[in-house]
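Two complexes are shown next, each including chain A; its partner changes from chain B in the first to chain C in the second.
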Partner chain A sequence: MSPLLSVQNLKVYFRGDETVARAIDGVSYEVHAGETVCLVGESGCGKTVSALTILGLIPRPPGEIAGGKIFFKGRSILGLKEEEFQQIRGKRIAMVFQEPMTSLNPVFTVGDQIKEAIMVHEAIADRQAHSRCVGLLKDVGIPSPEERLRDYPHQLSGGQRQRVMIAMALACNPNIVIADEPTTALDVTIQKQILNLFKELQKARDMSLLYITHDLNVVREIADCIYVMYAGIIVEQGKMEDLFEHARHPYTMGLLASLPHRAKRGRILYSIPGTVPDPAYKPGGCPFHPRCEHAAGICKKEFPEMCDYGDGHLSRCPVLYERTNTVTF
Partner chain B sequence: MLSFIGRSIVQKMITLFFVSVISFLIIHLAPGEPSQVDPLNPKFTPEIVERFRKEFHLDKPLYVQYLFFYRGLLSGRTVSWKDNQPVLAKMWERFLNSLPLFIVGTIITWTLSFPIGIRSAIFRGGIFDRSATFFSYFLISIPGFFFAYILIIFVVTRFQVPVIGMQTFGLSDASTVRILMDRVWHLLLPSMLGATGGIAILSRYVRSQMLEVEGQDYVRTAKAKGLSWEQVHYKHALRNALLPFVTMFGLILPGLIGGSVIIESIFSWPGMGRMAYEAILARDYPIILTVNFISAVLVLLGTFISDVLYLVVDPRIRL
Partner chain C sequence: MTKFQPHSESSSEAPPAPRRTQGQEFWRLFKKNRLALAGLAIFLIFFIIAVAGLSVTSGTRPYFDPALVRLPEKLRPPLSRPNLEVLIPGEMPPLGMYVFGTDDLGRDVFSRMLQGAWVSLTVGFVAVGIAVFVGILLGGIAGYYGQTSITINHIFLFCLMLGGASAFAFGSLFPGVILLIAAIAFLYRSARSGKPAKPSLALAWLQKGATSVDTLIMRFVDIMLCFPSFFLILTVVALLPASIYNIMIVIGLTSWMGTTRFVRAEFLSLREQDFVTAAKALGVGDRRIIFRHMIPNAVAPVLVSATIGIAGAILTEAGLSFLGFGVPPPYATWGNILSDGKRFIFDAPWLTFIPGFAILIVVLSFNLFGEGLRDILNPKLRERY
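Showing the complex of A and B:
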């Protein structure tokens, strides 16, 4: 089955005065219908940029798409004209942003903003749009939706605002919702509620979800497939259980090891040494090698290829791949 | 809302009281008093100066003078020391002269600054933005009087239209259309000159406001919804960028009385600004203080109006 959304070898660079920040440097991933795909990685690894590129929201300049393709329903959407992109945004691919506090326009009511998302894509009467807004707010679990529609964003709590953002994203029944760290700015208790809401809605509406996060606990809750990103590339990808049970890339292993767990109680939590490289000055070879405990001489020189572990599980670490194979055979 | 209005009126009355005291003190503490404007004039014998001082209570302590002056002002009986005319009637006449200049100037400023600033912000770094920036700084830097003379020379030699004064003398027998056109020609150049500085500054304000709003998350949300270019910029961004200008709109009110000294002097326009300037030279305290007092009232009224307007346009503000 061909994927609903397929990103192929995407490269997005940001040109500064003297430097070029390679925010995304050859990223490929696929989202199939009805599937939840998680993009995982630390801040600054290019997750958000890749999502914004799908919607054509990268400011150009300074942004620049240096290569690659994006297909949506088999159609290349990367070179679309602005007007054609507007037909897709919100209607076919919708997005929920990280900051619910600032992502809603403060001078319009919640109702106006949701209604606008509907009426820009569908020619329906004002009253019909209104009743659909009420339904949407009910779906995202906001009590007394009629009154809330008349509220301004500042009158709602952070969690409620994020629910409104979700309702807005769902307004035109999109095929894919891209959620960019939608729970990061919320309280822990609210995070859980929003996450469950995403799970329910995704199942009920049979839509695809591209969920961007740095939180592996969230990933474990909702993902079907996982792509682990590091410094603008995908370092490991695979099915959720597979990846959690048998991580093959040192970076993924590090991420998993740094999760707090009951069994590790009383011991100091593991953390990966070093920091994420500046996208303008990435180390040569494998970008992870300065922080990697398995790094060998070859890692500094050659950019690692994807190694296939079967069943869609790929990892960009030839060193560990060879080691596993020598052990097996 | 009502309590807000009540509270702010009381506050503003208190402010006004202090303004009246301070401005009265400043004027009276400044060197030179009316009796000493022309010390070399042989007609000003010490006896006459003394009589003059007595007549205008200049020999009394300051607080008594203060009471005399504001009693006169509030009862509308203040007269100019120069020509003994009632101050308020004199000001009203000059105000009517300044008003067209002010209105046309303000309209030109506001209608041009906004499109220029908004366009510069949306297409920042482009040709339009860069030339607008250049012209803004050019207009801000060039001295107003110098620019005015250049324009006068250009317009008069090129188009042969009258520019000095409010109207051409000896036109009273001409047709109404002629008279009207004459007034319009006289009005055009000074009000445009008055507007240039305003346009240069205001369009920069608009540009920076708009730029700030364009970078906000909700503008990105609007784009992500699939809204058209116009809706994103002119509805979602502009509506927010306009909020601070509501405040400014209340603050143009004091300009009603200030007029422009430089422009009115260059164009021999018998307006408020010139009257105030001449009053200062003549140490005509009643006129100076009345102009001062009324502009203070207008400033306070302007801030009050902008507070109320803010309440109307920004849903986040509740009082």
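Showing the complex of A and C:
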């Protein structure tokens, strides 16, 4: 089955005065229909940029798509004109942003804004649009939707606002919803509610979800497939269980080790030493080698290739790949 | 991990806080600012007087006739009774007395003030309307499309069009037609080819960016700000036929720079806001984003500067009329009542003091109202109340 959305070897650079920040440096991933795909990584590793590129929202200049392709339903969408892109945005691919506090326009009521999301793409009567808004708010679990529609964003709580944002994203029944850290700005109890909401909605509407997060606990809740990003590249990818049970890349291992867990109570949490490299000055070879405890001489020189562990589980660490193979054989 | 019900928000909802609409909240804060409230009250009274004044002083047989000359009754002080022996019945002041006295031609100053109120009001509103329109337009373009570069192409096209239009204007039809046709052909060609991936080397310099839209507009603003605007207005008014509409337009066209800067600054910060990106991600087009999402958010500082701008425009008009460049004589404005009265300042001080006070109070009320608005619309200043 061909994937709904496929990103192939995408490269997005940001040109500064003297430097070129390689925000995304050859990233490929696929989202199949009805699937939840998680992009995981630290801040600044290119997760959000890759999502914005899918929607054609990278500001150009300074941004620049240096290479690669994006296919949506088998059609290349990178070279589309602005008007054609507007047909896809919101209607076929919708996005939920990180900050529900600032993602709603403060001068219009919630109802106006959801209605706009519908009316931009569909020519329907105002009353029909209104009843659809009520239905959407019900779907995202907002009590007494009729009254909330007349509220301004500042009258809602953070969780409610994020629900409204989700309702706006769902307004035109998109095939894919891209959720860019939708729970980061919310407190933990609300996070859980929003996650459950995403799961329910996805089941009910049979849509795909591209979920961008840095929170592995969230990933464990909802993911089918995981892509771990580091410094603009994908370092490991695979099914959720495979990655959590047998992480094959030192970076993924580090991330998992730094998760708090009941068994680790009382001990100091592991943290990966060092920081993410500046996208304008990435280390040569494997970008992770300065922070890696398994780093060998080859890591400084050669850019690592993807190593296949079978069943779609790939990892960009030849050193560990060799080691596992020598143990097995 | 604790299990959470997905929709526990609904079950344990606290009793809702009293909900106010934005309008109610605004009014609540506004009421606290006494000076601004007084400003608003005076503004409303002024508005009513001006509109009423127009209806009672215009027409062929107005109730209050500002142009009626009663030479025997000249320079009568305020509240004085008319001398019934020298007046024919049609010349009687409508209220049975000269409320604000009479001027050197025996015209009723009260009627003239009523007529002048309408002039001041329309000059203030129309001039500021023009200024705000131009300001939002240019400021919006500079803020939203500012980074778009203007290529030598565009400049060339602009020169062709300008040349064609001016050739037409000066009566030489043939070169005008040629130039305009060339401009249209040029436009058509560039629209057809869109953006060629590799323009031929000979024409590549045409695609070179000369400057950005932002630079162009904002430097034009700077140039306009360099002129001492009152003297610019004097020059323009001296060249144009004296009429109230010319004055409005000229005042409007020399006072849009502040609004442009405001709107540009607002747009620059709004453009980076999340809700604009969110609207884009929903497939909303540029025009709709500008008009529906950004302008309503940028309107607050514009409103404030417009209110204060009205005061400035009224003052400018009064100044022009005072210097004799304003509205032509039979028509009364506060400025020319003042100007006519200054010759008699010791004999008939009311002729200068009454319009002077009227200007003072109206301008002050607009300024106070404007500042009150600014304090409320700017959350940082709001904390004082």
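Note that the second predicted complex is superposed on the first by the 329 of 329 C-alpha atoms of A that agree within 3 Å, B and C clash if a C-alpha of one lies under 4 Å from a C-alpha of the other, contacts with A are read in each partner's own complex, and residues count from 1 in each chain.
Heads up, the rule we're going with is that a contact is a pair of C-beta atoms (placed from the backbone, for glycine too) under 8 Å apart; a residue touches a chain by one contact, two chains touch by 3 or more.
Model, not experiment: these values are computed from the prediction.
Overlap between chain B and chain C is detected when the two structures are superposed via chain A. Of the two partner chains placed by superposition, only chain C is touched by A:P143; chain B is not. Contact with chain C, but none with chain B, is seen for A:K192 once the two complexes are overlaid on the shared chain.
In the superposition on chain A, A:E116 contacts both chain B and chain C.
Within the superposed three-chain model, A:S103 lies in touch with chain B and with chain C [touch as defined at top]. Of the two partner chains, chain B and chain C are each touched by A:Y152.
In the superposition on chain A, contact is made by A:G90 with both chain B and chain C.
Between chain B and chain C, C touches the greater number of residues of chain A. In the overlay built on chain A, none of the stretches 6-14, 24-32, 42-50 or 276-284 of chain B clash with chain C except 6-14. In the superposition on chain A, chain A positions 55, 57, 85-91, 94-95, 97, 99, 102-108, 116-117, 120-121, 152, 165, 168 are in contact with chain B in one complex as well as with chain C in the other. Contacts from chain A toward chain C in the complex involve residues 55, 57, 61, 85-91, 94-95, 97, 99, 102-108, 116-117, 120-121, 141, 143, 151-152, 155, 157, 159-160, 165, 168-169, 171, 189, 192-193, 196-197, 200. Partner chain A is touched in their complex by these residues of chain B: 216-218, 220-229, 231, 236, 239-240, 243, 313-316. Of all the residues in chain A, the ones that touch chain B in their complex are 55, 57, 82-83, 85-91, 94-95, 97, 99, 102-109, 116-117, 120-121, 152, 154, 165, 168. Considering their complex, residues 4, 6-10, 13, 19, 22, 147, 273-275, 277-285, 288, 292-293, 296-297 of chain C touch chain A.
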